[in-house]
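Scrolling down, you'll hit the structures one after another.
Next come two complexes built around chain A: one with chain B, the other with chain C.
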Partner chain A sequence: MKVKVISRSTDVFLRETKQQIHKVFRNYDPDLHPFETAREYTRALNAVKLERVFAKPFLGNLDGHRDSVSCIAKHPKQLSTIVSGAFDGEVRIWDIPRRVCLRQFVAHNGIVRGITYTPKGLKFITVGDDKTVKTWNAAEPQLGEDEEPVNTVLSKTVITAISHHRQKAIFATAGEVVQLWEESRNEPLRTYQWGVDSLHDIAFNMVEANIFAACASDRSIILYDTRDNGPLRKVVMKLRPNKMAWNPMEAFTFTCANEDYNLYTFDTRNLNKPVNVHMDHVAAVTSVEYAPTGKEFVAGSYDKTIRIFECDHGHSRDVYHTKRMQRLTCVHWSLDNKFIISGSDEMNIRIWKARASEKLGPLRPKERNALQYAEALKCKFASHPEIKRIKRHRHVPKHVYNAQRELRTIKEKEKRKEANKRAHSRKGTVPHVPERQKHIIKEVQ
Partner chain B sequence: MGENSDFEFSDIEIGEEQHKKIVADVLSLSKSQHVQKASRTEAALQISEFNLVKSVTDRKPSVHVDDLAKVLKTRKKHVEIGKKVESTKRRGRTLPKPLEKPQADRIKRSVGYEKNRFLLDRWEAFVTSMRSQAHQSFPLDAVEKLKVEGKKAATFLDTLTYKSKLQKELEKIDTEVEEYHVKPNTEENEVSLSLEDLKNNRKELAKLRARQSYKEGKARRQNKIKSKGYHRILRKERIKNKLKEFDELQKTNPEEALKKLGEIEKARALERFSLRHKSTGQWARSKQVRAKYDKESRQVLAEQLQISKDLTQKQTTNSDSEDEVQDIALAVTEPPEQASNTPWNIALQTKPNEVTSFYNAFSQYAVDQTVPNDPDLNITCTSMKYKEKLDKPIKKARGKKIDLTMPVQSAKQIIDEEMIEQPAQFTQNFTRSNDSISALTNILKTNTKQTKSDVIKQFTKPTVTHLNSTRPDIIVSVENVPEASQNQFISEGFEDFGIASDFMKEKKSEIEKDRPTDIDSNLPGWGSWAGSGIDPKKQKKRRRFMFKMPKTIPRRDDNKGRLIINEKAAKKVAPYLVSDIPFPFKSAKDYEASLRAPIGNSFVPELAFRRFIKPTVETKMGTIIEPVTTGILMGKPNK
Partner chain C sequence: MARIRTPKKSVNKTQKAGNKPEEKVQNLRVNKGSKKYNLPKELVEKYAKGNGVNLKKVHTKIHKKKIEEKEKQIKFAAQVAAQTEVLLTEQEGHLEAGDGETTTQFTQSEIREHVDLTAAAKTFELKLEFGPYRSKYTRNGRHLVIGGRKGHVAAFDWVTKRLHCEMNVMESVHDVSFLHVETMFAVAQKNWVYFYDNQGIELHCVKRLNKVTRLEFLPYHFLLTSCSDEGYLSWLDVSLGQIVSQVNTKLGRLSMLTHNPWNACLCLGHAKGVVSMWSPNSREPLAKMLCHKAPLTAVHVDPSGMYMATAATNSEVKIFDVRKLEGPVQEYKLISSAGHVAFSQKKMLALGMGNIVEIYRDCCTQAAKRPYLRHRLNSSIGNFNFCPYEDVLGVTTAKGFTSLLVPGSGEPNFDTYEVNLFQSKKQRQEAEVKALLEKIQPEFITLDPFAIAEVDTPTLADKLEAKNKLLHLKPPKVKYEAKNKAKGKGGSANMARNKKIVQEAATKEFVKASRQLQPAEKTKPQPYHVLNRFA
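Then we have the complex of A and B:
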């Protein structure tokens, strides 16, 4: 009689050669997997823990500047090249993968206020405190040649910021007035002034490239049109916007980094109310830059931290800091959506991963699948408290932690006070003002 | 006087025009205009305010249109023009004063803003779609530009034609035969060839050689492949082809098909006879391993061997009793003597392995096609019905109408199981088998006269017989058991143990345990004084700071009878559970369903898994992601 027994020979589950893949026996019958949800939950928990384990975003720094870094520009066609300007007027060109400085020269007397590459990346333009606009060759000079600008323009007014048109040979500068320049001409094409004494930042829209916006010292953001219209509209806020960035995938969205610790995302078509308020910083936000996918942006702050926000979320996804990093002056998101570059007060340029726990370099298919699965699981169980807690958990510097607590108390106090006021006054006299409207004073035509 | 005369003289001398000029000069003395009107020499953005001149035209225009029109009185046409001018002058109104500059600017700004807003509105749809997409890959215009190029040499050679059409056709028919006949051009050789012709010839020959060597190389490589898997695939393909052939043959030439079937079965029989399968199965091998140490397995193995021996012996025996029960499944296994008589046996001997494997495949195929039941059912049949059915075909055979049911059998099960259980029946079956074979041979003889269509009908429409098996009996026995509730069973089973009362006791104690005790908030020692003149017995018990708990607290299992609900257990899990329904979901039910659906590849098929884990944003390593351009609104790539 033949008796069937459970027996396994090694032939069944051992592979003959190394090249063969392992046989995996699966039965998808749900009756055989009564604990599938529980198992996946455990996997998600492990995945989220591993994410925290592997979260090591700092990649390296570029040191060489002898004064604080004031501005950085990315090369539009090369991922490896950036150019940075410092407060002592020095400009340096860096090779990121090798972490070396390729060129260095003093470009301006005083601070280098702004740098921008031309669209094809053949030249870059710097503006400084010495009222000059200098154009430089992106290529290194020949042996024996001096570092000399291709073109120098003496401006009549002080210039504090520069932004280049995405395609045309046009750039705009901000300062006492907004000026529109053509690369080949020494006189500004146009000069716009709208009752403000100074402007400190300017940015061209990357999608509808004829529109640009400037941050003014009267706490306003002004929209301009390069065509004959000139200034279009102005929105005045309670505190000064320091910097602004346009979304590269959405023509009408821009975000401004504000002095009141928040960032505001605006829809250009409806300026009287920001679309979103992004909180979390505990000091003035000094710089902001969008990811090339337009889904996220990075902000650097005076509180010595970098925070990454998702466009549609009010709170940051991640916070980066190191003990030695001081006040941030500029942040940039690399054009391949992988890295973040930050310049700060203590003369260093730092390179970070855009996603802290991401594995860099090519992945084998199995590895990629596993990572993607982990990501999907985290997403699936995202609202489970344990997973949420671990995912959100961050160590922040003591001063940030304390400031957060303080701010929380202040906010609670204000809320309580308002509630009390409302409770003790006639109905309707103390209206509810949504957070999004609190910070806007008016929209000026 | 002299002055007067002089004056008069001068009065006469001064002409009309001069006089007029003098008058104009005198008149204009009051309106001093020292600065000349600016004349433009160079293009400038700003006009200097120092060069501005008072406009002479607004107060007292130097040129009147009327005056111009008056000049034209000489002609009739011109008079009309003059009238027209006058009428327009009457109707025309002076333009209003331009707006104040701030106001004008504001209007300009708002108009410009509206214009741009309209431009930006065009993006609404695109932005919405981008935001709502579950999966996105950047850069946006990333179209796979990789092209898999075929082997250049091969394609190049394919373009050259050196084969005739006929040859190509022939190759299609029989692709395995590859022969290249290179004819020496004897005739042409005789004729002196030109240099070009020679070159061409050489080229062609070279091409041919290249092709040939390529093919040869390929064949050599294929021959060298040792992989079992590869050969297995080849073999399977060959078998499949044969099956297909057989199928076709069955349709077109049933006689031939029948013959072939016979062949196949013959081959199988021979294979089984070779005694190669006596102790080669996995089971037998594992037993052999154990046999050394295990008595039982040794015994089992011996038993198995005995069986096989019996089998072979019994197969060789010939019995001539005709009226005994026969089993279809074994109808074909012929004794070797008879088999050797048949002419197609020779053919079989040449390639036994392939044919057997083909047979195995075929039998599986046949089983699948004809009989929905288990193969066991055929074997464990009981006698009576069968007898009738099987008798008929023989009669029919004599009457030219034979029921040629496809002999359905499965390879191993028959021998492994059935024979063991019913050896007697088996022998009977075998005695019958000869008959069937003789019947078949009869058919072969008689059918030569038969019409083809008849045969086809018989062959292609096998009558399926559903047989009673032992299995249903078991089911029946189960059905016959009187139905009883589970509670009854339990109560009957545990009658003696008093389990119900025990449970109630347990529940009571559980309730007691969970009941909160009274809280005594008296200070310890307060009121229990000691000392002279104090009688500790007389001291009052202080009840003032005692918090009494209610004796009964509502529980969830109060009215549930035989059920204890542990309410504390839920509290432990609570912090790990989701308290609110997360955003896109509207009901807890939906959310739970989404959690319940697994996404891992241990629970769902690979393709679904891939779909589930697709990341929301994909980027290409080392690729610059450009911002969108207006071209994308027109459906152009983002460039």
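Then we have the complex of A and C:
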């Protein structure tokens, strides 16, 4: 007779001293882990609820400006530094982690229209309504020295925007005409004109660094090349694009923030039809900027909200708002992909988390694993109605809510009217126009 | 996209695997390194997650690619899980007879002599006077609660023999059950169900559970289920204290209750030889199985939810495949009828006949010739349970409680995160919170526990039914409240007329809406005729 029964000795299964952690024994036999799917679903539901519970994106604000913030520039090398310009001509340099203003001075007579850092971050250049382009040292002046620009250039025309080349010491300005400048010269290298009376935004491509584009007041976006004498191409839209941003990872993609409440992502190779139309704002979109990953972008609008979009999605992933935040003038995505900086009409600069429920600071391995597991579960059960509903639900201010409803009825009405028209006309006289083509007038070579 | 995946282990497959002792070795390449792991096919099948998505039915390229990637990951996870089997530390128990011996002839005292002291201490006998008794173990098998018909209730840690509480409730006790932790247990007394903590303090008395005969606890759903003398079946959510559902089964007195640990459905045995399966979501049984042509005496489902054993008064015992609701897989004819059946974690089957317990090994996939063990008690059996994660069968009788050693009946390796056998108080509290957080909603109790992961597509029959229902609906009654009119403008006649107008408008709209649902009648294009234009 041979016999063996289960007999567990406690010293194998219990920890020896209280300083040790508890011993863990695993057995992955599926029979010991019943209701796998139902439990995973419950965990996913909890995870998605917790995500909404922890969604507290607002981190803090930088106040000090005495007029609305007009523009902001990020330091290309330091995450903690930004410089902002205001409508009263004042420029301030901020330390974000401490939330203090490091320097402040009046740079221009009139509105500061644009700011940009030089690629190494040693200097920054401002343009203002006084037709001047001023270069400033990024380092604080010595004790007793006055705040003086390193260089001041008086332009012949009004300047409303500025953008710096990614590597070279050249920058471009927009205004009555587009001008290309060398940092060390006081005359523009080149001037571009295409029968337009004014341009209001300009941006250099970050991958194909010689390409840049500008938004013009004739509702067009014009592409330029620094190596060329004239502009390349333009696309004319039904309503004015306010601002544009290049995708930092895809050279040929850019997004423009439009007056018609939408954002349009274009492929430069085919401008007569946008790749995607991003809807959700309920007022003119005033600013847009890409995340450094190139997968998402943030848009600020006249409807007092910030929305975050995924590049390939037509609707926003998140919306940020506060009671006191007014019309947005500029938004930026920090270079570590974690924060969003917004400047608005009521003189404040705000700092937000890029992912509303993300935990900041270092994570313990266990914590990280748990979060990754939750993320995977949410992804797995994303299409379940309950989970989808909770994940999508956002509270928006009353005016936005009402405006959304109004827009919806307007759109429904238009759709219905078109359908009626189509039903009562000869076949083919009222064609279906896709949403992507509705807002474009033409592409001009 | 929701995954569609139902690991339905068919009995036939396992049977095949059981019959073939030579293992087909499958070569599995894990990672891209040079290491090759040889896993037996059985092992891979045990951890496999089913066939996965039929890629031929996925039309878009990108989704096909995505699903393919996911399938790969799932397969890899299953392989890795199968590989962890080598890390398991404990060995299964076993009992082997020598030449000319059978395992049936070994008595408990012989087994006790041949095992170590700690294991030998697991056999004991309690002589009690308030019987017949009933007992239940906790989920980790450390604690035991017993209740005698004459009111004696006791809870204790049976391994250390430390008594938690002992009392006489001064009423008849019909059944006892632990809740999710060992600090609380429920007792079905003469009229109502009472809850006690481990000090014997009465926590609750649930008067809505009336004349309960049997109690079962569903640990993942936090549901205490009970069946009553009056034919009621009820599910009580112990985390909220609410009755989730109470159903009149209309099947008379209920005295056989067990739950299927695989899908949390309740199985009731009836005198007509039928086993009915219930979920709290329907007033009707989900399934009914005619198992015997004689009144049933006992029903039990094995812990993996694959087999169901039923015993009837015609001294038959049958084993069914409860996942497919098919069977019987095995049929046994005994000398006398079995009054009790119980499965162990390793699918051993205990049968109770009068005062004799017989235990069968490998009785589901093949016909067992003779019992594995037999034990005669000195009085008739009340009930018995295999202790989870131990080689122990706890038998209650009319005159006490006996703990028997059954080598090889229990799962030797436990999972700390699921059930911890060596739990400290802090760990228990933590685990309780975790378990409550992932409490499964009672709506998920269905015959197929993977239903939640399936794509919800209404069948054609469902669609037609919904449409027909809508067509034969009555138009909704409009609640009309007249506005307060100026004096002289209103009047009851006016009001009645207005009400009629509103009701008629609503009816019109309703008819219009329901007409849209009907398929448009297809008119055949008539052959052209010159005179058609004047038609």
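What we mean here is this: the second predicted complex is superposed on the first by the 415 of 445 C-alpha atoms of A that agree within 3 Å, B and C clash if a C-alpha of one lies under 4 Å from a C-alpha of the other, contacts with A are read in each partner's own complex, and residues count from 1 in each chain.
Note that contacts are C-beta pairs under 8 Å (C-beta built on N, C-alpha and C of every residue); 3 or more make two chains touch, one makes a residue touch a chain.
On a predicted model such as this, the values are computed, not experimentally measured, just so you know.
Q: Taking the superposition as given, does A:183 touch the first partner, chain B, the second, chain C, both, or neither?
A: neither
Q: By residue count, which of the two partners contacts chain A more extensively, chain B or chain C?
A: Looking at chain A, the partner in contact with more of its residues is B.
Q: Mind working out whether A:310 is in touch with chain B, chain C, both or neither, as first, second, both or neither?
A: The answer is neither, since A:310 touches no partner chain.
Q: Considering only the touch criterion stated at the top, classify A:9 as touching first (chain B), second (chain C), both, or neither.
A: After superposition on chain A, A:9 lies in contact with both partners, chain B and chain C.
Q: Between chain B (first) and chain C (second), which does A:384 come into contact with in this model arrangement: first, second, both, or neither?
A: It touches chain B and chain C both.
Q: Can A:249 be said to touch chain B (first), chain C (second), both, or neither?
A: A:249 contacts chain B only, not chain C.
Q: For A:26, decide between first (touching chain B), second (touching chain C), both and neither.
A: Touch partners of A:26: chain B and chain C.
Q: Of the partners chain B and chain C, which touch A:229 in the superposed model: first, second, both, neither?
A: After superposing on A, A:229 lies in contact with chain B but is clear of chain C.
Q: Mind working out whether A:372 is in touch with chain B, chain C, both or neither, as first, second, both or neither?
A: In the superposed model, A:372 contacts chain B only, not chain C.
Q: I'd like to know which partner A:46 touches here: chain B for first, chain C for second, both or neither.
A: second
Q: Going by the contact definition given at the top, which residues of chain A touch chain B in one complex and chain C in the other?
A: 1-3, 7, 9, 26, 28, 30, 33, 37, 39, 43, 380-381, 383-384
Q: Tell me, which parts of chain B touch chain A in their complex?
A: 106, 108-113, 115-117, 119-121, 123, 127, 130-131, 136, 138, 282-283, 286, 300, 303-304, 416-417, 420, 575-580, 582, 594-596, 598-605, 609-610, 612-615, 617, 619-630
Q: Show me the residue ranges of chain A that touch chain B in the complex, using the header's touch definition.
A: 1-3, 7, 9, 26, 28, 30, 33, 36-37, 39-40, 43, 76-77, 79, 166, 206-208, 211, 223, 225, 229-233, 248-253, 268-269, 292-295, 312, 335-338, 362, 369, 372-373, 375-377, 380-386, 445
Q: Which stretch or stretches of chain A touch chain C in the complex?
A: Going by the criterion above, the answer is residues 1-10, 12-14, 22-35, 37-39, 41-43, 46, 380-381, 383-384.
Q: Please give the residue numbers of chain C that touch chain A in the complex, ascending.
A: Residues 1-3, 7, 46-47, 81, 84, 87-98, 101, 106, 110-111, 114-116, 118-119, 122, 220, 261-262, 264, 303-305, 345, 389-391, 405, 407-408, 410-419, 421-422, 424, 427, 437-441, 444, 449-450, 452-453.
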